[in-house]
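Each structure below is given as structure tokens.
Note that subunit A is present in both complexes that follow, paired respectively with subunit B and with subunit C.
Moving on, here comes the complex of A and B:
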């Protein structure tokens, strides 16, 4: 419902408004107007408008000029600008129209403050046109006899209004149609102009605020012509190799204008244009012969034209046409050089002559072949050699010597001057000095200091250094006056070049001087691979190899070694590039270090792989400092122990090392009461004091047959004693023979006195006397075993009763020792011995000692006990203590005096044989 | 005052003569090429007899060398004024009857027409500059009834106009050269007398 009511109110309001508007419309239409109507105003000017009310409305609506309100767009104009002329006219004045907005309306405030619009005008603001400046015209030739004129000018500032520009032309007696600048406001095209009549040209600019005219130009259009370029240009070669003839067609008739030309030409592959002198082409023509050209060279031509008197404009350039001059003979000989291989033979050379192809401008045509002559100088006498080749090299085998080589190039016209190269026997002339090479302006520049003497020319050789052995040597020739040059060739960046400069003289040649250079350097490809040579506690010697040439990419300025611990900061050490070894010092011991090495060129560096090493825990000598004192202490303690051992040896010996009497010192004669005169018992007593006999180990040997200890068996002891008295100190029977000779034999064949000595041979202790015979005592005595029977006797004498008891274990013991040799033919031997008992003296004095000396004692030594054991087993009772190794305990007392002399030879025997068990 | 003005007048007359000569040459050149294209377009023979065609201002004159400067320039001016009218008729004939769509051809005729007009202006200026009387303009005879000519006659008439114009252009060059020589010598004498 409320919405329905609102609609009704709106409709009523609308109807009322229409009624009012109708009334108001009648007022507006008839109640006033503004003058001027739709004015066009110059920006910034002053402007006054008047609103004039109709008289008829004054009474109808009580409307007067004082009620007028001026508005611009929606803004009320301040009252100060109003002026009430009379009761029907109100004016408003704007001193500066630049801020005047459109539309300008005249309104009236009726009763009830209802504002009604009386009238409105649209105000256009702008500027009058400026005087067009810089009027200029170009007459373009459009076809053979048709010309159009295009004139341009500067229209001046923007006017913000529609402004027309008219190009006006007239002859003195004739005015042509005006040309209206349509598309742009600063140019106009007149399609047809006539020459030879002065044409007056000017521009008019016009808009609502005014009209301006440019300066009037008066000119003959023929003086403003830009002609069409000549066409159908052709180039023909002449008779001479240095000229070419051009022909063309002009597209402007002489009746219209005379022409001059501008002929441009260049070598086809050159960017630089040259110009025929203008004075040579300052007249109308359709052909021209260009001179001073290079033979056999392609030239490109183009030309343009303009009015001969220079008025007007140059035409565009004609199409380009090219032509080739005819051939001429080569202007110079090819640069010549050689490479000499002397390795082939000492007396001859392999000479590789090389020359370069002539440049195009030197060859003056197609080189058909080269002629080479080789002339030997004295002392060589060889005929002049001539070769004609198509290639640029020639290899010759020549004897060593001095040669003059010439090369001439030939084309279809003729031959070049000869290039001469002197090949001397040796490079004996002065060399250049101080050869340097450096990059300059993208090329490699070589400089050297010339020798004092006059140099004919220089040859610069170079090649790219590489690990790859195959390299190509390039070369170039420079005149003798030069001291620097650029290398002419494909010089690559980051490659090392070896450059050598040779001076060539008229009569010889100097040695080459070399240098190395890079055109451009870069980082090395990789860094050096570093490793340790030696690692100490606080230092490490690092070693590396130089980078190969291919990896360097530049001159290595220095190396930098970076090293650090795992947690520490990295330390850098700069190293001279010539070094391959460096010692890091002040390192921490027993620490893991990582080290890497970077090689630097002038551009930058590159690191090699990281290497790790660990420093040692102990320094050099520290271990020795610890070990040596320990060892010394140990030795000292050992020494002290030994000293103690020696000091207390008696006590120790008592328990460990019982005193064993030396059977060799024993003597039956000494022992026997029958020969007291021969033996000094008193001395023996001193030697073996009774105290030494207090501790005696007794080994009991059990005898198998107690009967063997019969009186008869003991008889031979008398003889033995007798013999011993005559050969005291002699050891005639060592173990071997003792073992060989059975004691039983001796006993059984005891008829003769000598057989008694045989019994003594059964004793295992003997003294070997090298030249012991007939009381001659050798200087060195070797104790092997004693054959003395004295202890046995002694023991027998002392404890005869115990002997029988001891025979049984003794037998058992011997059997153990000799059982390993049971296959020994002891039995037969025994039987033979029974039958034929050899004289014991022969064996003791003659046969056995040599055996022992000759080194066969070991054989006989091992053999003895076995036999003795067997014998002991058979007739142990006869000689119950035949085996020395078993240490007859009874002899200890006697041998005590000799213990100090030979305990060592004595003790091991017993131990080794196992027959003696110290107690 | 007069002596001060004369040199510029002489220079101006020299310049005018020079331009008039070059313009006459240009007219000659253009008319020759126009004749070729005219004959081709109209299907005529260059050597066709034009005896029956109306009289034109003829370039041939007896005692040519005896003419005065004013006569020479005056004759030229009168002839070119007539050719202006005749060429306008020819152009109109081509536009309306003979070659209505060949605008390039029309432009060529108009170009010659303009040049004839320019030459007439130059001659007029030269006459005034040389202080000779300028002949009064007079109606060209025969132009009024040109519409009565047949198409072929129009063609022949056009050809005749161009041929006569070509001859007049040659005579004009000769006349102007003669005038130049004469005025040069007389002005030299005149200057030397001063």
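Moving on, here comes the complex of A and C:
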């Protein structure tokens, strides 16, 4: 409890003391204070502050110096820096004030650790001013007789404190008002200055930490003047073409100062200023005549002034004014050149004289006209020609010869010296050597080696090479001493220029020497279009055209051909730029290649379109090498076969077509009736009562022939028919099909008697069946029909003996064939015929077998009835063996085994079956 | 400079010898050693320039001021008799022979006193001018005249002459200044102003002559060097 009471007492005391203090009003007292009050400290210096406690507070609050806590801003100063002087005074020391934060407070730690602020001070940190340096003053003229002085200096480092700078001015016995530097600490303006009295000037810098003074300057302000520039400058031309007179007003009077001037001038379109020699303008003046100018040229002038003795400053430059000098005679004749056109007549020239306009500085005025004179040298005798022209060219028709041409330019003042050009009859003099041209510093530079003899001047001609034919030749003249020049003109980049240098002598002219050049090269516009000229198995000849001049954009250094297969790597081949053909070798055969070509200048290249080609499968001659031997071998084998055939002819004949005894020649032949023809008509009438075949005489004749037999010999046919009908059942479909077409046709033809033409055309043969004599089986005689209207049968009849060899075996053969049909169920020609043509006559049937043969052959040859039938008939007549052959292919598909046997079994069968063979 | 150029064109050995001699004799050239005299020469030249400058300024100022005063003061042939009151202004109308007979010191002292006095009057005049532009010109002129006084004092001190003592010691009429005896009559005051300007003009004219003469007597340092060198 007692401790609790003491707390209450303490608190009451504090409250009371505060109330009392408040009540005291003006007599506010704190419990202590800090000394020094609000110090200004130099950064980095040491500083000690004391907190002094009031005795009264000690009495009431038990507060002592030992309880003091020093704080800077919010942080407590370490105790080491404190010093308790006595019970009421505590000091704190900072060795380096640069870290000192403001405010610095003195606090008491009362009982119960209650911190009470006793006092606080604001500490200002800064630096004393430095000595102002580099003080300088300049007196500006503001208007006539009005001057103000501006002085500047370097204020030195920042002080972090309010620092005043005062500019002080003083005469020996007179002090003027000081000028306080405004906002910026480094200049001051004194509005009124007095000349001719030395003025002492210096700067004082002052702040809480100190004061510094600059060096003292002692000068007469008149020596520091920057005058106003002269005004109202005017330029007037004089009597001479080389002078201009300037006049102006000075804004400073001689009593103030004497002036000197600096006159600057330039040609109006030139950037370079020239200066009138200073010694000519070293005194006060208001006018000056500038000499040594170019006639008829606009000059721009400007000037400035300063004190004559050179003290002070140059004024700004005056406004610029320009003036033009008056005209003078042209100083030089125009450069002259010619172009001679000799094309239209051998004896005369068209001379195009051309000259250049004089440069401005040479023309010295406006050129009004040119005068041209042409004087012929001997042997030509022509009066002196004079022309006055306004243009810079003149075209004349002159006889071939040597001429002296002069051109003079005229302006309002006079004429120029004459330009002379000798036009010799021929360019017989030495020409220059080794003309070269190259770009240099953005222009085309031409160099040549002069000939040994003295050259008066050179003419350099050039033109832009282009596919466009309308080029313009430009030219320029160079003195005889030069060996190189820059082309003066609009030289475009990426264009090829043909440059020609002509030496002109006093007494003649040399031939021009040319070169080509580019100002700047680029890669070509496009690449060459490549094509194949010839493609082989492992090589291809490629061809292309040179790029046009317009597309080149530079000198083509080389071509590169890139080629590759679809999957392979690209191969490059470098090609000389002069070539237009290149052979790619070592290619793979039968391969697709893509090829493209790039043209390269020194800058780079550009590829042309891609071209594809395929190499050949066989090389040149390879096919021939294969085909020719094969053909030869074939021929040889054929030849050998033929030879063999001829050699073994007898043997072969024996096997293939053995000699068949001619029945007509046999004794039996004599038995046969000799005149069957006598009954022809009657028999025919019987046979064709309708008379439908009357038109076809041959057939009729044949028919007659046949009929002569048929009437009598129907029986044996009946037998045949019976045989066939019996064999009908054995015919296989396959065999039938092979004989289908021809029998049907022939049968239908014969059977449908309505179309006589058909009949006449298709019934090409007739079969004569002879009655067997005395129970002998008659041989069937086949007559082939020829297209010729020759009465074959007559001749046959007559030459029966001759033909017997051919026909008789045929009968035999046919017989055999028919009999073979019977025996061979695979072939059923007759059956087919019968089936398809039920109403056929037995007589007609007689003709069937041969028809079949021809039909077969026609079938095998692609169904050409008329021709093939005839051929087949002939073949049948002449080479019965072919019949068998024609049959064989038909039957091949049917039964190979049978077919193979067939040829072998033919004869024996025939022999066996025929039974007729007279052995 | 011209002399040197002549030497160059003449004989290179000559110029070399001249330069050597000049260097050898440099310490002996009195003008360079006697800084006082050199300073005097310069300050005399400056004072002379200043008097010419003031003459020019006064010509402009007088025209403007007389116009400001109005007729008859701005009439060209206005030539009033010198009033008694105007005698308070030191008169420049000293007999020419008498003036010539004075020594430099006396003349300088007379100049100094006259301008000091004139300046006092002029400042009084300055305060009464209502026209700002004119007041500005007048103020500038006053400052320049003040400079002349300072300049004359400088010349005197550089020539080793004592500055004249308190004003009016030689002529009590000048000693009082304009204040107590300023006329209340406007016309008379204008008359005083007129005479003041007239006296100023005369004094400046005379001073110019004086300083020109003095200038010739005490040449500036550069001139001295050349003369000395030529003498060698």
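Everything that follows uses one rule, which is that the second predicted complex is superposed on the first by the 621 of 919 C-alpha atoms of A that agree within 3 Å, B and C clash if a C-alpha of one lies under 4 Å from a C-alpha of the other, contacts with A are read in each partner's own complex, and residues count from 1 in each chain.
Definition applied: a residue touches a chain if its C-beta (ideal position, glycine included) is under 8 Å from a C-beta of that chain, and two chains touch if they have at least 3 such contacts.
In this text, all values refer to a predicted model and were calculated from it rather than measured experimentally.
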Q: Put subunit B and subunit C onto subunit A via the superposition and say whether they clash or fit.
A: clash
Q: Could you tell me if A:177 is touching subunit B, subunit C, both of them or neither one (first, second, both, neither)?
A: neither
Q. Is A:343 touching the first partner subunit B, the second partner subunit C, both, or neither of them?
A. neither
Q. So, does A:255 touch the first partner subunit B, the second partner subunit C, both, or neither?
A. both
Q: Applying the touch criterion given at the start, work out whether A:391 contacts subunit B, subunit C, both or neither, answering first, second, both or neither.
A: neither
Q. Across the two complexes, what residues of subunit A are contacted by subunit B and by subunit C?
A. 145, 171-174, 192, 194-198, 220, 222, 253, 255-256
**Q.** Sites on subunit A touched by subunit C in the complex
**A.** 145, 171-174, 192, 194-198, 220, 222, 253, 255-256
(Q) Give the list of subunit A residues in touch with subunit B in this complex. (A) 145-146, 171-174, 192, 194-198, 220, 222, 253, 255-256
Q | Complex interface listing, subunit B residues touching subunit A | A | 19-20, 22-23, 25-26, 28-30, 33, 107-108, 110-111, 114-115, 117-118, 121-122, 124-125
Q.
Using the touch definition from the top, list the residues of subunit C that touch subunit A in their complex.
A. 46-47, 49-50, 52-53, 55-57, 60, 139-140, 143-144, 146-148, 150-151, 153-154
